[in-house]
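Think of it as A, B, C and D in the order they're written, each chain with its own count starting at 1.
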Amino acid sequence: MLGIGLIGTGFMGKAHAFAYRAALAAFPDIPASRLEIIADVDDVIAAKAAHQYGFARSTSSWQSLVRDPAVDVVSITTPNTFHREMVLAAIAAGKHVHCEKPLSPSLADSKVMVEAAERSGLVTQVGFNYIKNPLLKLARDMVSAGELGDITGFRGIHAEDYMHDPESPYSWRIDPVGGPGVIADLGSHIIGMARFLLGPISEVSADVRTVIKSRPVAKDAKDRKDVLVDDVARILVNFSRGCGGTIEANWIATGRKMQLGFELTGEKGSLVFTQERLNELLLYKAGGDVRTSGYVRIEAGPQHVPYGQFCVAGGHQLGFNDLKTIEMGEFLGAIATGNPSGPDFREAYEIQKVVEAAIASSKTRQWVQVK
Amino acid sequence: MLGIGLIGTGFMGKAHAFAYRAALAAFPDIPASRLEIIADVDDVIAAKAAHQYGFARSTSSWQSLVRDPAVDVVSITTPNTFHREMVLAAIAAGKHVHCEKPLSPSLADSKVMVEAAERSGLVTQVGFNYIKNPLLKLARDMVSAGELGDITGFRGIHAEDYMHDPESPYSWRIDPVGGPGVIADLGSHIIGMARFLLGPISEVSADVRTVIKSRPVAKDAKDRKDVLVDDVARILVNFSRGCGGTIEANWIATGRKMQLGFELTGEKGSLVFTQERLNELLLYKAGGDVRTSGYVRIEAGPQHVPYGQFCVAGGHQLGFNDLKTIEMGEFLGAIATGNPSGPDFREAYEIQKVVEAAIASSKTRQWVQVK
Amino acid sequence: MLGIGLIGTGFMGKAHAFAYRAALAAFPDIPASRLEIIADVDDVIAAKAAHQYGFARSTSSWQSLVRDPAVDVVSITTPNTFHREMVLAAIAAGKHVHCEKPLSPSLADSKVMVEAAERSGLVTQVGFNYIKNPLLKLARDMVSAGELGDITGFRGIHAEDYMHDPESPYSWRIDPVGGPGVIADLGSHIIGMARFLLGPISEVSADVRTVIKSRPVAKDAKDRKDVLVDDVARILVNFSRGCGGTIEANWIATGRKMQLGFELTGEKGSLVFTQERLNELLLYKAGGDVRTSGYVRIEAGPQHVPYGQFCVAGGHQLGFNDLKTIEMGEFLGAIATGNPSGPDFREAYEIQKVVEAAIASSKTRQWVQVK
Amino acid sequence: MLGIGLIGTGFMGKAHAFAYRAALAAFPDIPASRLEIIADVDDVIAAKAAHQYGFARSTSSWQSLVRDPAVDVVSITTPNTFHREMVLAAIAAGKHVHCEKPLSPSLADSKVMVEAAERSGLVTQVGFNYIKNPLLKLARDMVSAGELGDITGFRGIHAEDYMHDPESPYSWRIDPVGGPGVIADLGSHIIGMARFLLGPISEVSADVRTVIKSRPVAKDAKDRKDVLVDDVARILVNFSRGCGGTIEANWIATGRKMQLGFELTGEKGSLVFTQERLNELLLYKAGGDVRTSGYVRIEAGPQHVPYGQFCVAGGHQLGFNDLKTIEMGEFLGAIATGNPSGPDFREAYEIQKVVEAAIASSKTRQWVQVK
């Protein structure tokens, strides 16, 4: 039985709590886990969260959580700037680590974290939950098996609109201390999805820009502050496998709440997906009866592993928190088996290298290799 | 802190387990609960389920579960024919009861159960989870507030295809001992949704039929057995509020996995919903700028209570199990406050009366009043 | 070369003009035609229309048009109450006749028209243009060939909203002199489509009602007039082939501009169509790879005859006027070959009998046979 | 009355014939036209086309057509390599000219054609028919009026799949004599649409590539020939107005028949369009009631000029040939009024400059200014 220590009680903290609580019910073969300690800088909030999420104990000291002998697994959901210190301490204490993305605002720091993790032999995972969708596993399997023929193109997007209003105030999210802007926040998801489906990206030419150049210092304030992080990134990509594509990350895409998706084209077929309808995957296969060919709307069902762990019948719909449960279930399973389920720290680092290459490309206005 | 006793370990048993485990994390103001005992006729299965779902104890005796002093709440997920006995025993033992739908194969038995529940003053609820969707609460609120004007029509459907193949074998689901067929199984959901949105149905004229007249006695068997329950029901309805509509229940609707939905029309607007895309609601409002009027695709978000208990941002998608969590959260909340969240036994009974009226109408080929 | 005489210059008159002008370009094998005379009660309007639509002559006398020796084909687009007289005169003059639907407000009159047409041996057609869609020919062919297995259900709808506003004034459309209301106007389209796909309807149980009971006598008038025709019809149907279904006609369906469509289910597959997206047909076929089964969105293309007469490539989209061109092309072709393309007067009469049976059923609250 | 001379009898020739035949019926205020001569190198085909399309005469000499005194307007639908000579001859003969896109395979030749046209004062137009969609006029008007706020991004695509199969043989379409490949054929449409909506493109960084590197010399042939034109183009763009975007042209997009569309985002709203559903435009407007905000699906209707010239009621659907009729109607109207309706030769030339800049960028792997 694995003792869980969770650092952070916000949105992602709650998502982790939901997922750890549901994981064994969904996946009977993984190790049982015990919600041991939850940490928050504010100990009243920590105590309240412990009650609400069902943790045995709470603390305001993440350091003590990390060192606690009853904790086997540390889950980190704090702001990015804290990740490095927490991750390194958890690894030093011999704990398996789940860390929300991105690993760190700095590529150099992420490298340190990856190396520490790999030296330790511990299991790590980073919170790219969207690719845990059973239909994306199907998509990847179809690509791998050659069912779509040679892949000829990829168009990936992660666009939302939470920053579209020039009058929405300056916040931590757009403070450059936390790293680049949308290209790290949303771009990392779609880059990760591209890599999950098609493998490494070798080269990029990007336009990474700040469209909304200043924001009020606070809600309804008259004073404004310059925005120093990007809000739109558009990237031409080459994959190592040889095909090209485009990737866009955008947090000023007015109207879009979760346009994380792609259109992936092969010589013999294609796939279309958007997280806005996460239980659907469109598939086109060339050939067959010309009268009746077209895009098939595949609806998620028990035939798409591990949907059946949640519902015995198709059409019932998985949600965001179920994807998080799959993520945590696979993570706990990986601890037991030693087979990492991914994406691990290494993968997060590779994604971050693409992000950094795109930023460099935009500055130099050149194509940049992803090394 | 409420002790939960769960009878049944199958699909719905697991769904209840997910929901009880998540309820407090989603709804911090409801009573905390303790997963006390789970029951299954097979005590090995019961023990395994206790481990997997996190119950403290297991038993093969539902009777002992019902009487157990550490159990405050009994959740019943067994086949319909057992409901009556279990419900009455639970009520007699002073336990609040959640029972999966339908209450019972027999309207007379259901009446007994309702009366026992109402005499007891205990909180009851029946598993009509789909109406727990935040967007359906919005729909009902818009109807109630008159935002769509006088309602002029309703077209409701619950169609799936799990029985569409004439070669799929005879099973408990189509044994008339369990009650009528699709009209009880799926029809009750869409009748319940209609009532949730528009209030009582006063009158029906129905065609309730058995299209697939025999089935193999077992998988790949040559011998066939006559099917004695209905597989399609089509109903003309009148609502007490004055408007008309149609309702269809169908479990041979080849291709449909979860076509539970409606189109609801008022003089000033209309709504379209399908459970196949449960995070979307289409709204049309008459008036406004003619150049840009049309159906609005509303995406579920925190503005639609209680979506925000699951995710802080729109577009992240609730799933089936989240609806079940809302259901259980409201049920536990109702136990604390004494304000029933519904649908309670009385409501389930009213739904069943519509089912019975439709069956009677189909036999007599007459309009039948729902008394 | 066939001389065309067109009676009526309104919306449908223009649609006929578009269609006759385009027919030969689309269908090189039909007889060439000559736009000979156009008639309108107002001879200034008639002359203007002749110029605009390219007719050689104009007249205010439909009687002279019908008798004109240069006219071989008469197209009638006037209000329903005039159809009988015009049709009988045209037939008496030995002219082939295209008449807009319905044939006549009175079933008895329609019968007279059918009998006169059949005695004459002339070619007749009635304006049920929507079934001229190449994708609906595909649908019918799939049904006929048994590709969907035994048909188990049909749900047909024709809903629009041009009368949804209780303040929109009384008009010819709702004057009972012109016949029943929505059940004739829109209901005949969906009944015709049902018959086109599945053959005769044998029996109906209907609720045909007037929801908006009075309307202003004129725009913005205070005085109101009782509405004596129906605005919603809901019908349970039995087809002669044995399957059941529902049909709805509705002109107060707020938001709907052209919801003419159906869901047609068979034991082995199903079809979904709506005129709102007339270039798409959804097809589900049972069996095949469970991972990738689902509804196929078929897009109209040259493989769907006669789409290729309009565009050499798929995806270019046919429109309403193209369907009208197909209709007229088939009509002119039928005149040359003697093989009626349908729907002819007889078919229109059969459709009208279903309409009348539904009205009778609604009055008696009984199932009524369609004789 | 304008005499029309049409050069070419293929797909586009037929489309022009449909459009000229319908134009006056749709647009009563434009000059009447007379289908005077049609030309094809094969005089039997020309004669047959004259009969089918309703031209008074036919010829195998485009030169005589161009000089014919009864011809006022010349429509050119031949392969691109012939455009220059025909256009210059038509202008020299004082004829207004409609030419299918692109003007010419060579930018230099196009420049000559533009200059000749502008010196002459004649009316010219180029066949970018898709932007004639009434909903795109609405889109442009909303952008111009600032209804979407400052525009922050554009994602444009024109993807089809007619060349996706590596075994489909070499053809004129991929012969470099005719100019570049997909970037000219499809790219020009989406570049034109981008300019129509947002104005000039100032700068591009592009990846223009040939994915399918060889093709059989003929159907089922074993010998293959190298493909020398591009089949996918992906372009980062900057508009002169300041916003960025991406444009993709792709003719190997397996499954796509007419994915010509865009997502256009402004600070206050956004628009989504695809030609696959040309009668729909999605609009999101920020602000308003948060419960019910979302994308509005606008359906084309008479409120969107000039839809009402084709149908009096919404929902009836325009098709490809109707867009062509609008194009020709506006062209003939422009001849009468002297107000060019566009896109004229100058606009086609500006579009071609973007195409050439993208090709140059792809070769140099640098951003390139569009001069």
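FYI, a contact is a pair of C-beta atoms (placed from the backbone, for glycine too) under 8 Å apart; a residue touches a chain by one contact, two chains touch by 3 or more.
Since the model is a prediction, treat every value here as computed from it, not as a measurement.
Participant: Where the contacts of chain A and chain D overlap, which chains show up?
Facilitator: The common neighbours are B, C.
Participant: Hey, which one of C-D, A-B or B-C is the same interface as A-D, over half the contact pairs lining up?
Facilitator: B-C
Participant: Express in whole angstrom the distance between the two chain centres, defined as the mean CA positions of chain C and chain D.
Facilitator: Going by mean C-alpha positions, chain C sits 34 Å from chain D.
Participant: Return the distance between the CA-based centres of chain B and chain C, expressed in whole Å.
Facilitator: Centre separation, chain B to chain C: 41 Å.
Participant: Taking each chain's centre as the mean of its CA atoms, how far is chain B from chain D in angstrom?
Facilitator: From the centre of chain B to the centre of chain D is 53 Å.
Participant: Please output the residue numbers of chain A that touch at least 2 other chains, ranges allowed.
Facilitator: Counting only residues that touch two or more other chains, chain A contributes 256, 295, 299.
Participant: Show which residues of chain B lie in contact with chain A when the two form their complex.
Facilitator: Within the complex, chain B contacts chain A at residues 11, 14-15, 17-18, 21-22, 24-26, 28, 32, 48, 51-54, 160, 162, 256-258, 275-278, 299, 301, 310-322.
Participant: Chain D touches which residues of chain B in the complex?
Facilitator: Touch list, chain B to chain D: 138, 283, 285, 290-299, 303-304.
Participant: Chain B touches which residues of chain C in the complex?
Facilitator: Touch list, chain C to chain B: 148-149, 152-153, 155, 157, 164-166, 205-207, 209, 211-212, 232, 234, 236, 238, 243-246, 248, 250, 252-256, 263, 265-270, 284, 286, 295, 365-367.
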